[in-house]
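Mind looking over this structure? Questions follow.
For reference, chains read A, B, C and D in written order, and residue numbers begin at 1 within each chain.
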Amino acid sequence: MGLSAKEISQHSDRQSCWVIVRGNVFDVTEFLPEHPGGEKIILKYAGRDATAAFDPVHPPDTLDKYLDKSKHLGPVADMEAVAAADKNRKKTPEEEAEAAEETRIAEARKNMPPVDSCYNLLDFEAVARRIMKKGAWAYYSSAADDEISLRENRAAFQRVWFRPRILIDVERVDLSTRMFGARVSAPFYVTATALGKLGHPDGETCLTKAAARHQVVQMIPTLASCSFDEIMDAAEGPGNPYQWLQLYVNKDREITRKIIQHAEARGCRALFITVDAPQLGRREKDMRAKEAALGDGGSSVQKSEGLKSDNSQGAARAISSFIDPSLCWDDLPWFRSVTRLPIILKGVQRAEDVVRAAETGLVDGVVLSNHGGRQLDFARSSLEVLAETMPALRARGLDRRIEVYVDGGLRRATDILKALCLGAKGVGIGRPFLYAMSAYGVDGVDRAMSLLKDELEMDMRLLGARTIDDLGPELVDTRSLGSHPNGVPDDYLARDVYDPLQTPAQRNAKL
Amino acid sequence: MGLSAKEISQHSDRQSCWVIVRGNVFDVTEFLPEHPGGEKIILKYAGRDATAAFDPVHPPDTLDKYLDKSKHLGPVADMEAVAAADKNRKKTPEEEAEAAEETRIAEARKNMPPVDSCYNLLDFEAVARRIMKKGAWAYYSSAADDEISLRENRAAFQRVWFRPRILIDVERVDLSTRMFGARVSAPFYVTATALGKLGHPDGETCLTKAAARHQVVQMIPTLASCSFDEIMDAAEGPGNPYQWLQLYVNKDREITRKIIQHAEARGCRALFITVDAPQLGRREKDMRAKEAALGDGGSSVQKSEGLKSDNSQGAARAISSFIDPSLCWDDLPWFRSVTRLPIILKGVQRAEDVVRAAETGLVDGVVLSNHGGRQLDFARSSLEVLAETMPALRARGLDRRIEVYVDGGLRRATDILKALCLGAKGVGIGRPFLYAMSAYGVDGVDRAMSLLKDELEMDMRLLGARTIDDLGPELVDTRSLGSHPNGVPDDYLARDVYDPLQTPAQRNAKL
Amino acid sequence: MGLSAKEISQHSDRQSCWVIVRGNVFDVTEFLPEHPGGEKIILKYAGRDATAAFDPVHPPDTLDKYLDKSKHLGPVADMEAVAAADKNRKKTPEEEAEAAEETRIAEARKNMPPVDSCYNLLDFEAVARRIMKKGAWAYYSSAADDEISLRENRAAFQRVWFRPRILIDVERVDLSTRMFGARVSAPFYVTATALGKLGHPDGETCLTKAAARHQVVQMIPTLASCSFDEIMDAAEGPGNPYQWLQLYVNKDREITRKIIQHAEARGCRALFITVDAPQLGRREKDMRAKEAALGDGGSSVQKSEGLKSDNSQGAARAISSFIDPSLCWDDLPWFRSVTRLPIILKGVQRAEDVVRAAETGLVDGVVLSNHGGRQLDFARSSLEVLAETMPALRARGLDRRIEVYVDGGLRRATDILKALCLGAKGVGIGRPFLYAMSAYGVDGVDRAMSLLKDELEMDMRLLGARTIDDLGPELVDTRSLGSHPNGVPDDYLARDVYDPLQTPAQRNAKL
Amino acid sequence: MGLSAKEISQHSDRQSCWVIVRGNVFDVTEFLPEHPGGEKIILKYAGRDATAAFDPVHPPDTLDKYLDKSKHLGPVADMEAVAAADKNRKKTPEEEAEAAEETRIAEARKNMPPVDSCYNLLDFEAVARRIMKKGAWAYYSSAADDEISLRENRAAFQRVWFRPRILIDVERVDLSTRMFGARVSAPFYVTATALGKLGHPDGETCLTKAAARHQVVQMIPTLASCSFDEIMDAAEGPGNPYQWLQLYVNKDREITRKIIQHAEARGCRALFITVDAPQLGRREKDMRAKEAALGDGGSSVQKSEGLKSDNSQGAARAISSFIDPSLCWDDLPWFRSVTRLPIILKGVQRAEDVVRAAETGLVDGVVLSNHGGRQLDFARSSLEVLAETMPALRARGLDRRIEVYVDGGLRRATDILKALCLGAKGVGIGRPFLYAMSAYGVDGVDRAMSLLKDELEMDMRLLGARTIDDLGPELVDTRSLGSHPNGVPDDYLARDVYDPLQTPAQRNAKL
């Protein structure tokens, strides 16, 4: 039995709004104003099948969790009729643009270079940019305001130089290390990033599988496209120790407690509490992509409410639905009381707060991070914060009491080694693995990790370091790290009249 | 009755020069050499209707104030004949170019993005640049010499980085603050800028209305296109406290006294005396726009006299007509004697002068400003002056005796927060609101202010600050602020022969 | 009578080489290997009329001075026959290219903007670049090696910022100052530059006349195209005090003595001995222009001898013919003995040498200069040397014993004021006046000087300085002057994959 | 007699793989997995004539040395049949691309500027880039990772400025100096670079002959295309003292001993042990060129093994075949025991290691080098290491006990002089001579050396230095050398909306 396509199609506006997801009908009329991603995107699919838009941005258990059972109206009787109606429907300009984009992407995918043509992490990014949907690309690649912290994250690594040791026997090099007691094959981990299915239909499980193959840790995000359990299931082997949990703290601490305890029960090894996101940042590239093609479903969880008259209230509501902006130091004992997992603060941005975290005695680690430049623009790079943090910890004898990690902007093994020389225990890598996944799935992530390890082994050898423990501050020159002046703004008049020297080849070309 | 079109048209040269403004005839023959904007622009309209060129650059009461009543010759008898004659007249190349520009602009306006597509203040600027007349754009956007201070104003903010606090309860964030005792909803104000009607027919009243809606202060400029009273009238509500007066000091102190006392009587809350403009700066982009199309009336009040033989005298006269270059410290007691308003010096550029101002006991505040880069090129940014000023004040216990404001180059809430962290009480924003107004009128300014507030709320949350008072120097890293070296000039030969790495996507594109 | 065209034309090779200059025939066979500009350029005109190529690069008295009278063969009998033969001669490709260039330039000159369209010194340069012969442009604009000092000269000024004073009565501003006792109307002078006729047929006298009109000093170059006396004659008024002499010291001190004493007799007021050019620098742009079109005669005095087997000898000879590379400190007393003029060392590049010069008691001034970047690349800018020099002089109480001047890279009044604030007595300006002269002759130079004075008056007013004596180090911020780091070299891979934010206007343009 | 083309052609796969080199047949079936350059490149020529690909990348004695005699199958009977078969064979796309490239290059060579048109070392590079095979260019020009050290090598020299002395008698300038006791005509030498035949069919002997003409030293590379003896033979004159030996240390010390003692016997004057290459770096431009056209044979000795499952083992094997990654300080006495030559460590990168080397008493010199940026990216420039090294040596009284050389990034005489001022005994120049050789053979290298000497003589004169000993730290300003900050990342939004000033010429062009 079930509901007919015809009946469903009559519930297609704000007064009564039904949508189909995976063959079932849901009444979301009352939910419309609650939707963190705004009602527009739901209304676009009112009375129709929303599965293709729904899936990449919601874990499979979303409707069970967030929509009252009374609104689950049951199965569709005739999906063929639904599909036929959809096919005959006149397309909007946005839908036509979407179809054109799909054609473009299919073409681009045909001409994609083989995965073996990627020689470094930036190569995956260059490929992904061409074969991803614009909205998905915008969601992954965007950052706050003018994206200056985003780029500074990368630039900061380039202000640190090496002082390699020579004549060390580096025949055998060992990349392995320990993170919160667990042995890992290399000093990097897959950090938490949201909405994996925007890049690849298998979502975060691509990362899971590659990480398992390489024996490196994956941090599971709260905002994954796959459900937590799907990801845990994808980890190969029953006792696989290589998962951590990233947590956005819900105002309803009961929900938070359940999430933590479930993760602990499933074998997660550490709890990373995000502390740099009391509100999710404005990312204009993402907002513009959504505007240009409403319906791509891009990044609905982080939709800006624009500037409606009830703006502050609207934003506050969107936030309060899953992130608690009142989270503070006083909450830490509660976390300690509900889990035996190591507790790590993710998103610390100044030495004072690391010291304070260590002094609480409740915290096992910190991740110095500015959230990939996606939160507060002009937040400093994690590398610069690290350089200020380790001396502060050492001066207080706290450097052994807390493990310090960094993320943001790492693309090369040299970046990893710089962070380790400066005292980081390990580094998180996010976007590069997403791009590898988006372009080539598990194989892409696998190759990306292999490339990183290959670079690491080579670079440790060239640096004169046999083990991770051999890395220390004497191997780097950080004199320029703290300085990032602008040049004087361009003198356009003088630049225009200046007549540059030319090589014979240049002049030859002109004759 | 009145004067006939034919008669008027016979007074069309330097010997006898009549012009029509809003249906009335004026004999400006003797006034020609006195016109601050030069006689050329008047002679262009000799014997004709000058209203369209006159209006954007002169307040409505200009002719009453500055032209002797005996030269007000009375109404035109037949405006239709005037219009018809004008229509049949052979156009000059400049007028034809002007007409072509109007066509271009009309087309550009049709394709303008909706105001909701502007996500930040720079977006308005990008739109305004396309839909404004070239001369108007040049007047607003130009600055002194090579426009290096103009760009440095922006660049300086980008040499300051944040050190955000984590785990602060930021559920409620309060943007409001006090300026000279008055409560405002946000720590920015609309600073004084000239000739608003160049951008929008309603002129400065667009800013007035948006500021009133948002409960922020507008500083009324001496050189407004609207008259002072028009602006005051546009402020919604009779007791609206949100206006300040910006003052160019006239050599004739009686005129100055009247302006001040009238403003005080109308409810203005503070008096900002401009001290960085004993002479108005040379702005070459503006001068060139005027040369290219004499007749756009662009920025007549700031016309350079070129380099005629009597250059110094000519410039001196132009200046002496409305700005007194001899204004000095000894004049301050007189200002104190004529008004009870707070007195603020606008355009201070070194710590020593702020200290001196505070020590006089006559001054309630200063605005650190280089006049938007429009006066002395290579004047430092206000942010850099601020960083030198606050410690100097604190060292002398003067920091509570004087309120310090900054303006110039602010485009993002992060810029505002940096200034506030460094000790500013508030910040002035000028051009961005002009561009928003030029493109979208009141709605544009309204949205620009909403965007700023939206960014401010978000960024304070991410910075871990609940109120304006929570902002302090410990939240910023200013190590690079004072340094603005050039890089080494380009090595063109080496740059030309260097063969950069390419990504797979780049190489693919070439096959 | 005289020599026939036919006979002359038979002396057209290395064995016997006659040339015609201004209707007279000269036998230069034996002189060929002595010619500082190489023999090729002479052989090109062997047996023909060389006047057009000879004139711009040789003062009129050259042949009298340097070619033995026995080689002056007397007048040409039939110049018409010479001209006719030349016309019928088959042109070489270089000559055809030269003719094409002349056509291009004639066209460009037709479209030149009027002189009043130049609003600053860079504007003249932009015009000159389009209307000058390529070889002449190359000679004027080129500098040593990679032209890094050339551009650094300009860049250094942009590392100094102003700290203007407010509330100073600047109604009257006085630009005049004294240089070696003589009153001048402004703190700049025309510095010595070679081969003025490459830019304008009237050569250096254009500069002379404009300088006289403006009551500023002209420094007369040893390598002028006009003769010394032509220049002195061009100075208006018999007692005009505004000339100095720049001197390349000849190995034959008798020649040098005569030059100095003649200049003194004619009323020159100071003697500037060039000390940064024991050998004239290699300027590749100039060398390439000459290679491309041998025959333009460009900069024959500074021709590189290429790399013939007898290279060192050849270069040494070229140099020894007019510059003595052995000039040293021990020579100073001799100069003091032959003249009562103030003696100034031009081209000093380190504080130690200024101190030493002052301590000799024989020297009245120095010009800190790197010869416009034309000698040693990576020589520092004069401004940076000045900042190191004045404190060194003051520490030894020598700052009143010697006048310090700077040149190189100045284009704006702000540059002049920065140098004066740092202690310079005046500044030399070279290329900008050459460009103004090349484009517009005397009127161009006149306007360039007017523009500079206009800027100076305005900027002093804005700086809060009434007289040159009011300028001091407290008005500038030089913290960045001494630092000129490179940025990290570009990261091409990351730069390629980065996807920049776009404004609405940019995105609109793409739809 | 001999083997028939037909029979040979049947051994064309992994099961049985024969190749022809210079008319002889070799069975390389068992050698395939041992080949440092991978088996693919050999299999491409299986059953065919491999001479053209083999020659540029293998010294002539390679097969004798590395392939067991039993695999030398003897001469080909009918080379004509081999050639005919090859001609008729269907070409692969890569081979067709290769043929097209050869056509392009032949065309480019026709339009090459004459060698006299090269005025500096960068000019040769510009020409070489156009006339070299892509693969060869990639091998020479590529460097590690993002090639940042490669470019930093050049940039570092541009952070050092000169402080020239004036009034020194520089009529005679002497460029000669001593290196390890031997008199050389100039303070530079040809450093070791691999695979000279990629650039020119005569390979490294071009360098040898030019160096001999100029009386400068050539360092003979282990990885030369020519055999060691061919190079020694090419040095003109029997007792020519101008060769050094660069050594990659083989795991089999017996091989190493023989190489050293043979070199000593042939008259080499010093032994340079490479210490910065326990593993050869990854150079992506090179890897990509190889991928694009497998078969060019580019840089087989440095082939990355990609990321096969047995990656680490594979790489280890490739390395162990000719470079010993276990080489360490303890090995130095052995070297001292097998030769009386001066021993120099090449590739030292920190002051501590120079001090340690000097303190061993076993080492006569060091070369500060990052291997032309080809090993560890972000290794510092040799100039920066030099500036840290010399004070450290002087502080310990070791500066006379060890000679310090630098290489990497030098292109101008000014670069050489900067290094010498900072304490280097001499400098190595690599790529520039390779480019000169690739474009013009011996004559190119000869001219490159002449140009350098010409610049050196001029620049010493301008610096006020008569001899190499006159050069010292007082002649340079190194304040900026140690700082290489990034600027703030670009603000793309602001950059897009900024409207630059325009010169009259620019505006004119638009009308």
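Heads up, the rule we're going with is that a contact is a pair of C-beta atoms (placed from the backbone, for glycine too) under 8 Å apart; a residue touches a chain by one contact, two chains touch by 3 or more.
It should be emphasised that the depicted structure is a prediction, and the values quoted were computed from it without experimental measurement.
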Angle of the C-alpha superposing rotation, chain B to chain C, to the nearest 5 degrees = 90
Can we say the copies chain C and chain D touch using the same residue numbers, with more than half in common, or are the two sides different?
-> different
Distance between the centres, which are taken as Cα means, of chain B and chain A, whole angstrom | 42
Whole-Å distance, C-alpha centre of chain A to that of chain C, is 60
Multi-chain contact residues (two or more partners), chain C | 117, 120, 122-123, 125-126, 129, 146-148, 151, 155, 158-159, 284, 288, 480, 483-488, 490-494, 496-497, 500-503, 505-507
Partner chain C, residues of chain D touching it in the complex | 116-117, 119-120, 146-148, 150-152, 155-156, 158-171, 412, 414, 418, 447, 450-451, 454-455, 457-459, 461-463, 477, 479-480, 483-487, 490, 492-493, 496-497, 503-508
Note which residues of chain A are touching chain B in the complex, please.
-> 111, 113, 117-118, 122-123, 125-127, 129-130, 145-146, 148, 275-279, 281-282, 284, 287-288, 291, 306-307, 311-312, 315-316, 325-329, 331-332, 345, 347-350, 353, 375-380, 482-494, 500-503, 505-506
Give every residue of chain B touching chain D within the complex, in rising order.
-> 120, 122-123, 125-126, 129, 137, 141, 146-147, 151, 154-155, 158-159, 284-285, 288, 292, 411, 480, 485, 487-488, 491, 493-494, 496-502, 507
